[in-house]
Structure formats: C-alpha cells, structure tokens
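Note that chain A is present in both complexes that follow, paired respectively with chain B and with chain C.
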Partner chain A sequence: MTVPSSTTFWFILPCRFTKTNPLQPAETNAADGSLVVECQQLTRRFGQFEALAGVSLNIRRGEFFSLLGPSGCGKTTLLRIIAGLDLPDTGELRIGGLPALHLPAWKRPVNTVFQNYALFPHLSVSENIAFGLRMKRLPSADIVRRTTSVMELTQILPLAGRHPHELSGGQKQRVALARALVNEPAVLLLDEPMGALDAKLRKELQLELRQLQRRLGITFVHVTHDQDEALAMSDRVAVMNAGRIVQLGTPDELYDRPKTSFVAEFIGVCNLFEGNLIRRTKQLLETETPLGRLRIELPATTIELSERSRLRLGVRPERIAMDGGQPGDNRLLGIVQSISSSGPETIAQVRVGDTLLRVTELNMGRRSVALHAGDSVELTISPGNFFLLED
Partner chain B sequence: MTSAPTESTKVKNRRPRQAVHFGEPLPLGAHLCRASWLCGPSVTWMMLFLVGPLLFVVAMSFAQRGDDGEIVWRFTTENYARLFGQGALGFDPVQPLILARSLGVGLLTAILCLLAGLPVAFFIAGLPHRWKGAALTLVVIPFWTNLLVRTYGWQLILAPDGWIARGLRTANWLAADGELYPGWPAVLIALVCDYLPFMILPLYTSVEKLDPALEEAAADLGASPLRAFWSVVLPQIRPGLIAGCVLVFLPASGQFVIPDLLGGAKLALLGNAVQQQFGASRDWPYGSAIAVVALLVMGAGLWLHTRVTRGRREVALP
Partner chain C sequence: MKTRRSPLTGLAAVLVFVFLYAPLAVVLVFSFNVARHGTMWEGFTVDWYLRLLDNQAALAAAFNTLQLACTSTLFATCLGTALAYGMSRYEFPGKRLFHHVLHIPVFIPDIVLAVALLLFFALVRKFLAGFELGMTTMTLAHITLQIPFIAIVVRARMADCDPQLEEAAADLGAGPWLTFRHVTLPLMMPGIVAGSLLAFTLSLDDFVVSFFTTGPGATTLPILIYSSVKRGITPEIHALASLILVVSAATVVTVAFLRGRTEVKR
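Here is the complex of A and B:
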C-alpha cells in the first residue's frame, strides 16, 4: 500500500486504498491536462432513433465538464455509455487511459448521481452511502470513517439514520452525491442532478456543487438541459444536438462566439440576421443587412469568407446599447415597439427597418427619461459585439 | 433516531382514528350503528359456522374416545401427549414424525416453488405490457381444473410404465426398479405444480414494482450482478417473497389429497392423520388434537409473516 503524496483528498480520506481504484493514479492534480475520458466516434441507435451519431470527446482530469442539449439529444445516452449502463454500437471509450468498453458497469472507476437519485429505499442514508465501499469489501472501520467524513462534507450527518422516503428532494440529492463521492471515482457522472429541485434550491446547490468539485479535484461530467446551470458551473461545455456535439468550449466561448444558430439560440437569447459582405479591411468586415450597413470586427475564429458571400450574424440583446455608446460603434435608429421590466433589467423590442431587435439594459437607475413604446431610440452596437455563424 | 418513535406516538395520540363517511367525519355511535347492520350477517355467519365449531374442536381435543368411538367428555391431555410421542409404551416417534414430515414437506414445497417461481415472476414482469395479462392468465389456468382431477392426471402421467418414468430410467436418472408414483417424487411434483401460482402471483406483484434504476445504481456502485440481486433486488421483493412462501407452505403442509393419492397411502401427513382419525379410526378427540396443533403451527407461520412484514414497515416509518 502506498501512501499518496497528493493531499487533494486528505480531508475526505486520510488514507487512500490504491486497491480500490486501480485506474486512478495516486497523483490527482486538478485539471493537469491529462485525459480521463476519451470517446472516439461513439454511435448508438435505438431502433430507428439515432441517439449518438459519432461523438468524439476528451474530458480532462479534474475539470467540471457539462453535456448540454435539449432532451433527446443523446447526452444521457453518452453518460450511460461512460458509466457502462449502455453499450455503443460502434466507437471506442477509454477511461483513465485504458480501454473501458469491455468492462461491466460494476468494474468501472466511475460513479453516477442518477436523475431521480435511485437511492435504495430499504437502506438508511448511511447504509446507502456505505454501499459502494461494502461492495469493495473494505474493512468496516474504514467504511465507517469514510462514510462519516463524506456525510460531513455534504452536510448530511444528521440524516444518517433516516430512510430515503423521509428526505426532501435536496437532501436526497446530497445523499446521492455522497453515495457516489465516497468511492472516490476517477469520474463522477451527474445525470440532471438538479432536475427535480425548485429554482432557488437549484441555484444554491449549483454553487455548492461547484465548490465541492474544486475542493475534491474529482472530474465531474454533468448532463443538463439547463443552459444557465451549465454556464454557471462548468469549466467546459459540450453542446449537443441530434446525437452530435455541435460546439465544445468554455462557457464564455459558447456565449460570445457561438458557431451555429442552434448554439446561439440554445444558450442565452440573441438577435440573428443575415447580411451580404461588401467590403473587407484588415480588421473590419462591412456588411449590408436588413438593419443597414454594419461594421463587424473579424472574429478570432477563421471562417472561410469569400467576397460577397452571405453571412449569418448575431448579437446578444445586452450588447446593444440604448444610451450613447462609443465612437466607432454602429449606430441604428429604431422605434420602441414594447418595453417591459424583469426587475434587474429592462427588455425592449426595437424595430429597425423591418427587423425587430431585442435589447436589454440593466436597471442602473441612470435613465432620467423612461422609455415608452413608440419612442424613437438610437441603438449603438460595438463592431466587436457581433458573432458570425457558420451555418 | 431515538426521538423518532416518540414523535410518531405523539402524532397518533393527537389524532385519534375517526371513521369517515364520504368525506364527512362520522361520530363513533353512528359508525357502530352502521357497522352493526352492515357487518352483522357476515359476523353471525362466521360465529355460527367457523368460530363455534372451532371452539368445539378445541374442546373435543381435551376429551376422550369411548370404546365404540364415541366422545367421552372427560378432561384429558392424553391426545396431545400422544401426538408429541408419549405413547402407552414410552416414546413413540410415529406421531411426531408425521408432524415433522408435514412441516418438512411444506417447507420443501415452498423452497421448490420459490426457486421455480422467481424466474417466472421476473420473466413476466419483463414482458411487454400487453402480454403480461395473458401470461398471468396462463399461470392461473391450472385452477380451472379441479384439484382431484389434476391429481388423478398426475397418477397417469407419472405412472411406473408412463413415458416420463421410462425416459428417466433410460437416462439412468431413475433406478431400474424405481418409480415416481407412488412415492415422494410424485407427491412433491404435484404439490409444487399445484401451489406454484400462489408463489408466482405475489412474487410478480413485488417484482413488477422494482425500479430498474436501483439495479443500475447497484452496478454503478460496484455490485456484481449476483451481489446486486442479493443486496438490492431481494430486499425489495421480500414482502412478495414472504407472502408467497406463506401461501405455499401453509396449504402444502396440510394437504391430504395429494399425499393420499400419489404417495400410495404410505405417506401420512397431518392432513391424512386428521382424515384418518375422523374417518377410519373414529377417534375424534385425537383427530381434534392433531387439527388444533396444525392450526397452531399455521397460526405461528402467519404470525411470523405479519411480524416480519410489519417489522419492515416500522423501520420504514419510524
């Protein structure tokens, strides 16, 4: 038995058993760049329905990775394949650098927090959490110690003797999390873990889960259809649609530079329109759009742009300003169609030409004259705030 | 955890159970009044034809047999002593053996039914929804035939020169002079076949309710299929399992038609002993004693069943 030099886990586990988790190296540095899950061209069909249409994906050690997409996009299927609860038709899967497809679920170094938690109803909270360690036949003193420390970590120690049906949704979620974490998986899979919780609790738990992941340094792979959740918690997000990964990147990349209209519309709200390329300078593109002539800063992403090609453009509602702006910004004249407030922000529908633009502005208490429907307003958009779509 | 039981008793004390009639709370007097004319007939019937005769049997078991087989109402515990082996010539194992053999047969039948019924229950639960009804009907089809007819049927099927016996002899699984009927093999085969539905139906209801996500969770947490079955599936279907075992064990250990017809009148079980005492031997007091002991044994089985199932609920709802 080797005593690991890494102390990432010291507060949950004073002593780790290499025997219990052969695929996890003793050194566990958060996000050290090594790959913990590698998927190559995974496909999976259910009858006529193509759940996965060739998914390749690498997940780095220690990162919080989210699979985001609408229901039926294949994200849960992918998670189940990683867990070993489903098998792909074709493709290759490596976990911790070793081929994993031939391993049954119970031999894989991954643990799952199931969507409806799947707590064992006949076992108490502590017995539920100890289940995985029991299956590994650890000495009972170790089981008690590890179970207790993980219950402390997830703040469910007072619930130890209760049974699942006596727990609230949030408590069940914590128990499910503790039951998976206690096994120190190489990868922790979370299948819509917040799906059954109300919005306020969800926000709290998001933050907590994120902090927990940072502290433990365990790789989290999180499946969700909630874009806010994915953006708030993840290091990287893979947006999936119809069995494919449509874009993979950090939350900022996905929000600021969506590659397709699907991603742009799925993540956040945006105004999309088309334009014809007129002129191209070193830094700027000049386009003719329904909104008028717009100057657009060249995006970092290289897109094949032939002269006069048709472009699909987008801009986020909060990147359109209704008050002044900077010199060099695009200036558009519009008429306010409707205006409403969500509390922290004002949401305006502004008609520019024949196009309706959605514009939001934070309520900073600055505006001296309130806007009304029918007012004309000058909109300014910085050239750098547009994004170009590939489709 | 220690405070939980007191809390629940507090709740119980605060809200005494009250009868409700179509959502309206019913005063106790009105409830009893209503109950008396609604339940009266059946209660009277049970009192007259079940509880009364039962008490008579219990009383008779402490009486004596006259020389001509009549009942002599003189108190004695001799019948029970005899049943537990206190014969005129010291310890006589014949009667306790009957008791033990009956319980053994019941237990063996229950175990065999369990082993045969579990796969069937899982199979039916796994069928597409529209086929489940048909499969369950197939399970109960044997009940459409009278038990006696079925038992005579087994006589023909398992006959010494029948094709099953001959086949087994050819395969060398049965000695050249061995036979299935009459004897234990035939009795057990018939008992298992007759009582299998009583095992399958309660097992099925439990298996049906199993959440497949729990098996996945067990596998995810490192449980091999066998251990997942043992530590997750089995505890979930325990109520159905116990109900099935009780439903098979109780009637199987008291069965007398099957041992009589298929055991070749050599294998006396409790039921046969009772039948014999009330019939040929004309010793009603002794027959009553056997019946009372059989009743107590069954009662103990049922008590154990309710205790175990209620025990579960108490754990579940502290």
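Here is the complex of A and C:
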C-alpha cells in the first residue's frame, strides 16, 4: 500500500472527520493579531562565531512565518532557541505571552519537525506519532483516536505499522509532521522540512503544507534557505544574514521593495545600479544613472530615502519590457548580448551604455520580439517599477 | 565482480581451520571415547558426561562458575553501560585520555591484570579485616576485566545513534528520565546485550584472573580442570571442557546473530 503522492486537497476530506477532529478548524484561532512568539534582543555565540547578534521578532497567532537566509545566518539557532533545544546568551523569549526561557524543551507548547525528521527507528509509524501523547499520559483511547485522525489528515494511515527504515523520504516527512501536529502545539517549528526531498515532491508538499496550515490555523515557523519556498508558503518572511534580521515583511513587500542589496539579490534576480538625484517633485525623482536619465516613482513610505543625493537603485528583470511599453515609461536603447529561453520565459542580456541588464519576458504564445544577439532593442521601464535600496 | 581465487587461498583456509579447531575437535571427540587412557578409539559412550553429574566437586565448580559469571556480568553491564553513556553524551576534561586508558585492560596480558588485582586485594586486606580472597574478590576482579569490553561495545552502538533523537523526544514532551527510558535505552539495547554476552563468555572461560584472585573453597570449572589435569587427563575432563566450549560458542553465536539483526535494520 502506498500513500498517493499527488497533491490532494484537504477540503475533500469527509465532514465526519472535521467534526471529530481534535485539531481545531481554522475559524476558531485564525490570525487575530495577538502575538504567540516574542523574541527580544536574542544573542547567541558559539566560541568566536556570533550566531545571533540581537534578534527581535514578533510572530502573530495563526500565521505562516518563514526565517529565510543563507546557511550560517542564525535561522536554525533561532528556531532551536524557540524550541528550547538551545539557550540564548542574552535576550528574552515569550511564548503565548508567557516567559519561556526558564522552561526546558519538554515543557514548552511547541513541537518541531526536524530537518532529518529524527523519527525513532525502534518504533512504528503509529508509535512514533503517539509518542508525545504517551509522554503526557493521556488515556489510551484518546491516544488512538488522535493518532488515527492525524494519520488520516496527513494521509499516512496505511503506513501505521511500518518502521521508519521502510519509508521513503516524502513519507518520513509526513510522519514527522504528524508526530508534531498530534500534540496540537501553540507553534509548530519546521527546520528545513523539505531539505532532503527532490524538487517535484517539494513543490507538492509546499502546497499541501500551506493548505494544512490554513485549515488548522496553527502558527507555523518555518526555516529555509530556499527563497522560492519561503515566498510561496509564507504570510510573512524574515530575511536573516550574519545573525541579524535584515528585512521582515510579506513576500510581496520583500520582492517589490527590498531594502538592501543583500535582500534584493537573495530574493529573486535583479539589476542594481547607482544614480545621482537631479530633481524631485513629490514622489517622482529624476536621476542620472549609467543607463541614462531615468524617472522614478516611489511609494510614500520610502520617500525619505530620496533625501540622499547618491541613490542605489534596482529593477527586476521581468519589469523591463521589450515590447514597446506604455506612454510615460522610461525608454532605453540597448544591444542584445545573448538571448535564451527557459521554456516559460525568454531571458536576455542587454547592454545599455556600459551596463549589462538582465531582462526576462514571459512566453505568452506570441513571440512578439524575434530577437537575436547583436540586434538593437528598445527597453521600457515604468517609473513605478524601480526600488530604492538603503545601503 | 568475481575474481579468480588462487588455489593457495583454499589451502590457507584449510590450515587456519585446522589450527583453530583441530584441538577443540579432539577434545570433543575424546569426550565420547570409551577408553579411559591413551589415544585409541574404543567406541562411543556418553558415560563420562553422566559421571560428571555424580562428581560433587565438578558440580560445585560449575555452580561457582555460573554464579560468578552472572553476578559479575550484571554489575559490569550496569557500570559499563553508564560509562559508555557518559562518554558519548558528555564532555569532560581528559576525555580523550580516558578513552585510551579504557582500552588498556583489553590489550594488557591477563597475567598482568591478575597480579595487579592480587596485589591490590592484598593491600585492601591490610586495612580491612575480614576481606578474604574468595568469591567476592574473584567477582570484583571479573567486573574489572569485563567493564572495558562492555563499554567499548555499547559506545560503538551509541556512536551510530543520532543524538537528535533525544532532542526529538524532549521536543515531544519527554523529560530526561522518560527520554532515557523510551528512546536512549531501547537504542542502546542491542549493544548492551551484545556486550554483556561477550563479558559473560569472558568470565566463563577465564582462568588466569580467577586463579590469582580466588581463595579456598571458591573453585571454578577452569581452575578445577587445571588442578585435575595435574593428576592426569581423564575423559571426564574432556566432557567438562566440551560443555564449556558449547556454552561459550552458543553465546558468541547469539552475539553475532543479534549484531547481524541490528545491522540489517539500519
């Protein structure tokens, strides 16, 4: 017997299940703005290495929160501190409004899905899942009922009698998830839960995990180095680097308005360049850049940055158009250096002056521009498509 | 890939088996020989085994041997396991040095350990009236002999276990005792069983350490055999030796079986 590996939607599960489900449906504890995890100025050193250099962070009840960053940025250390598996050198941590640092891991209302799953090899799948409830000395009837319903929820009921060494990577991941969820934690911590899976399975599980989180309304804190995964699943993302949070926001905010070149380059691909401010009228800036004279429109929130005379600017490759654009766009003349197709999109390197711009365009079924290397092309960029960096 | 074997390999194998097992086979065969003296085969009998049952000295020695092996293995297993757990889960100054020191009793000749223990017990006797050589000293000596073997086997097993499993148990609400009871101990168990069976055979066969640390009245089978042989080898001795051989071999095979099973599982 195998578990269907294709994406299955949670809402087609029988109603009977939702009524007896001990895991609360989303309506009762959906994001209500109250804070479930509060970190204040957490620091942690390992010898000379500063893993956390003062992290303050609030996580709201019911949200899907991701800690994103390259390896060694401190994201896993932060997760382990929340779980109680590590202690900070300084700082304060509250879980559910109560101080938590004095509590050992086994007394905290959080559960973890470990990166390598850490399933107990000497126990079967159902015994693994029942472990947390057995430690709490619940009546065995309750243990059976809750274990069974969470195995239905994660679609691993047919695997109940197997041992971990008889499972595939994706199945282990589901068992690890079920083992954590069955305890109905206030916060579910996920440490690179898809790290060991192949790309296709990862995409399916991303979607499933997101739907599961929505359905249950449990707060998920998810650690990853994969920016696509973080953007696809999260309500909010904290981008970390060298033990600090460099930017925190919704996926759209991080993508559209990165504050630093680190965030801009870590999340997605971008073209960065510098410019001198010539004139400013309200939200419209006129700048002199290596690309020529550009008009830039900024949202009111970042307008104070334009007080500087020297500006760091960026634009995403897909926000540069090669098909003529709209009236009022910035127009640049360039020469195509190389052009290739990835299937869904065309990727071009275009030289404008001395600057090489990366331009991508979706293949919408009309190859409007049949371009070749060496052709000259007119690029258009809408004034609102630029972003301004702080560094 | 299959490689051609040299005929010398086969010859070497035969020689090794002859060297290892021919003397044992001789003892086993002659324990069923009707002849009381000499090396001539005069017919099959189990008489010598039946006679052992009437031999009070042999029965007492067998009882002593089993009691010694069981008691010392029990204590050595607890201490050796605790040692292995401590060494693989905690950091302390001098850990590396201690790790190497632990192997010394495995490598040094039994006779050196035996003499050292005898001297030590003599020293203790000076200060502690009533501390006489006998079953107690022999048991203590065997525990000393066994601890490193158990600790090394259990430690090897623990090195294969993911320490994150203990973190996972804590994360799921198990305190230190429950984590040990439900996760660490079951994972260590194959190592503990293998180590204690190994230690049990060590104690069962041991002559040198027992001989030096025993006292009047506390005779084990190996000591009994040694003293009987001085008066001439009888088929009864063959029978006794064969029994020890069978028990030891059975234990070693059990260890190999248990190890094999845990290997397959992972």
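Keep this in mind: the second predicted complex is superposed on the first by the 354 of 391 C-alpha atoms of A that agree within 3 Å, B and C clash if a C-alpha of one lies under 4 Å from a C-alpha of the other, contacts with A are read in each partner's own complex, and residues count from 1 in each chain.
By definition in this document, a contact is a pair of C-beta atoms (placed from the backbone, for glycine too) under 8 Å apart; a residue touches a chain by one contact, two chains touch by 3 or more.
Quantities reported herein were computed from a predicted structural model and do not represent experimental measurements.
Because the two structures share chain A, they can be overlaid on it, and in that overlay chain B clashes with chain C. In the superposed pair of complexes, A:Ala232 makes contact with neither chain B nor chain C. Contacts of A:Gly161 after superposition on the shared chain: chain B is touched, whereas chain C is not. Once the two complexes are overlaid on the shared chain, A:Thr112 sits against chain B and chain C alike. With both structures placed on the common chain, the touch criterion links A:Ile347 to neither chain B nor chain C. Within the superposed three-chain model, A:Asn183 lies in touch with chain B and with chain C [touch as defined at top]. Taken together, the two structures place residues 83-85, 104-107, 110-112, 114, 116, 118-122, 131-132, 134-136, 163, 165, 179-180, 183 of chain A in contact with chain B in one case and with chain C in the other.
Within the complex, the chain A residues that touch chain C are 83-85, 104-107, 110-112, 114, 116, 118-122, 131-132, 134-136, 163, 165, 179-180, 183. Here chain B touches chain A in the complex through residues 1, 211, 213-214, 216-225, 227-228, 231-232, 235-236, 312, 315-316, going by the rule given at the top.
Within the complex formed with chain B, the chain A residues making contact are 83-85, 104-107, 110-112, 114, 116, 118-122, 131-132, 134-136, 161, 163, 165, 179-180, 183.
Note for the complex: chain C touches chain A at residues 162, 164-165, 167-175, 178-179, 182-183, 186-187, 265-266.
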